[in-house]
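Here chain A shows up in two complexes: once beside chain B, once beside chain C.
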Partner chain A sequence: MKYEIAPIGAGASRVVLRGRADAAGVDGIEAELGTRLRETAGHVVVDLADVPFMGSLGIRMLIAIARMAGRRGARIAMTGVQPQVLAVFETMALTDLIPHAPDEAAALALLEG
Partner chain B sequence: MNEHEEGHEERRDEGRDEGTDTERTLASRAGMPTGPVDGTVVHFLVLDADTGAPRRIAVEATPLVIGRVPPAAIVLEGSAVSRRHCLVDRAGDQVRLTDLGSTNGTFVDGLRIAEPTMLADGAQLRIGPHTLRYERRRREEALAAASLASDIARARGYVNALLPPPITDGPVRVAWTFQPCAALGGDAFGYHRDGDWFCAYILDVSGHGVGAAMHSVSVMNVMRQQALPGTDMRDPAAVLGALNDMFDMDRHHGMYFTMWYGALHLPSRRLAYAAGGHHPAVLHAPDSGRVGKLPGRGAGIGTMPGFAYRAAGVELPAGARLHLFSDGAVELAEDVAEPWGMAQVAESLCAPGHWADGPERLYRRVRALSRMRPLDDDFSVLTVQLD
Partner chain C sequence: MSAPAPARLRLGMALEIKALAAAQRQLAAYLVAGGCAGEVCFRAELVVEEVVMNLIRHARPLGATRAVLCAHCGDGGARLAIEDDGTAFDPLAAPPRPLVGALAGSHEGGFGLHLICRQADMARYTRTDAANRLELDFLARQ
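On to the complex of A and B.
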């Protein structure tokens, strides 16, 4: 699994995840991504368009990102979630914690609204 | 002795291991060569087990014949394995593999070997249907790996010891199959009868390893003792809510778990159920042939403090069967032979046959689809049969 972080304007960051979020995939990025996000201010938009599978550790990583953002008064949203992954998120009510938006602009509007 | 009694025999054996084995003997069982810790290199062939810990075989000075029957030092079953198939021996600081004229050949990293071949660390050996991995390690690393294997074996034994026995008589009968993966996947389940009520659950902790198993054991102990303060165990939403409060992931090393919980009122046959991020249970009415899912939308346990779980209800027909299962039954590797998911799991569990055979039938199917490779996750399936 791979990730990229980039600023979106002044008050938010975009995290793009790519690959299967299974145990091996998450293990390869979780610690480093966490460290980098701790140094990041503002809301976070997670782009999951290239994530075809989300296992329990991938979900745990998203929740950890959400909690980390919450502790500094920020929020996170997701975009591009593939249908089979969204079905898993719905079963877990994860969208109550991390809202899903159709695109980045909608996600930012949601977070700043 | 039926299959379930055999399962208990195995658990008792593991229980004896728990009480009598020292870490040293467990390390010895794991194939650790004897000798001082001096930085020297040790060599292993690792054979993944169908379930449980891999078998680690030390390659020392004595050459090892691999074949289908004794006196081969490493006996591998299967008609594609010759009686004396190949030989593994030491050549200085290296390990050499030689085919002994086997009918079906000996393969290293996918290539059939025609002459003695030195093995590189991590080489995959294929002998008939079996795959072995060659590892060379410093003795200190091997000791650490053996110690971890010992911890995992102990954790596996403890989880096994806490699982309830199958129920073979009465108005509610239960059969199950639990096949832990090598690393332990954090599955657990349980059930109990309380007067007119029968309650059952299955859970799956995020992640793998001893930590996940310890977490599942903690939850099992709470459920066994019905130690949820002020909680009516007949109220699935209340049970999940109480567990969610008790096991917040921030206080449990970032771990959460999914769970399906049901409470059946036997006189009315009314089932109340709720789920926290878990697969739906499957309800099967053999008399009518109807199959349905019992889903529940709810946060994974420990992920969202204060989440309000909701229970649903259904009246079960006479002779109904309820199937609960974990991720290991549904989520197989990407390269399985055919599409696999909830629909196929339900189809297998609800196929014609004796009610108690469903879990084992599904396990055999999953293993076949996975080309008999060891599974990546615990496999747990529970079938509840009503009169």
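On to the complex of A and C.
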């Protein structure tokens, strides 16, 4: 899988994930993504619109990103979560920890509200 | 038109992430060809990843070398069995712990079992012939 990080205005970053977040996909980006995110400031919006599958490593990676943001006083939110991925997130109560929104503007409103 | 699914799927795999990913792809193709709903395929793949990643992390350092994944489809659902040659370990014995509090904690102990119990409709562990065997049912929910 692939990722991109870009600033959203002054106070947040967008992380776009693309591809299957299975064991091999996550293993290929997790360390580098973590390093990159440690260098960013502010809230994080994770765009999952192009992630058709997320396994247990992917869920753990999201939790790790949320922890990382939390340590610097920021939070994360998700956008574009595909229905099957969202169903798993909801049964795992992941959405209680990491809110999701239909689009980036709504995600930022959640994080800044 | 795709070929009909074989009656059963049986995949041996080394305890490596690359082998797990290949097994996930083959499992998904088998389940789709066998008429399983997308959400059944998704949950089955997710649980297989969790179980095999646990073997890679915890059983391989103690001597486990291989896992065998078996699957068959029926009524839109799937029954899976995952066997490994590691020391006896019941992954269902620990109390499941939901994710609440995970952000504050240093690890997600119990998360994997919580995941298995929430995604599989039945999970049963047995130890036979020096192998751990985990049976999992995934019923069509929609």
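Keep this in mind: the second predicted complex is superposed on the first by the 113 of 113 C-alpha atoms of A that agree within 3 Å, B and C clash if a C-alpha of one lies under 4 Å from a C-alpha of the other, contacts with A are read in each partner's own complex, and residues count from 1 in each chain.
Here is the rule we use: a contact is a pair of C-beta atoms (placed from the backbone, for glycine too) under 8 Å apart; a residue touches a chain by one contact, two chains touch by 3 or more.
Since the model is a prediction, treat every value here as computed from it, not as a measurement.
Once the complexes are laid over each other on chain A, chain B and chain C cannot both fit and instead clash. In the superposition on chain A, contact is made by A:A87 with chain C only, not with chain B.
Of the two partner chains placed around the shared chain by superposition, chain B and chain C are both touched by A:A23. When the two complexes are overlaid on their common chain A, residue A:L57 makes contact with chain B and with chain C alike.
Once the two complexes are overlaid on the shared chain, A:G70 sits against chain C while remaining clear of chain B.
In the superposition on chain A, contact is made by A:L97 with both chain B and chain C. When chain B and chain C are set side by side, the one touching more residues of chain A is C. Shared interface residues of chain A (contacting chain B in one complex, chain C in the other): 23, 55-57, 59-60, 63, 67, 91-94, 96-97.
Those residues of chain A lying in contact with chain B across their complex are 20, 23, 55-57, 59-60, 63-64, 67, 90-94, 96-97.
Residues 22-25, 27, 53-57, 59-60, 63, 66-67, 70, 84-85, 87-88, 91-94, 96-97 of chain A are the ones touching chain C in the complex. Touching chain A in their complex are the following residues of chain C: 17-18, 20-21, 24, 38-39, 42-43, 45-46, 49-50, 52-53, 98-100, 102-103, 108, 111-112, 114-115, 118-119. Every residue of chain B that touches chain A in the complex is listed here, in rising order: 204-208, 249-250, 254-256, 258, 275-279, 295, 297-300, 303-304, 307, 327, 331, 334, 376.
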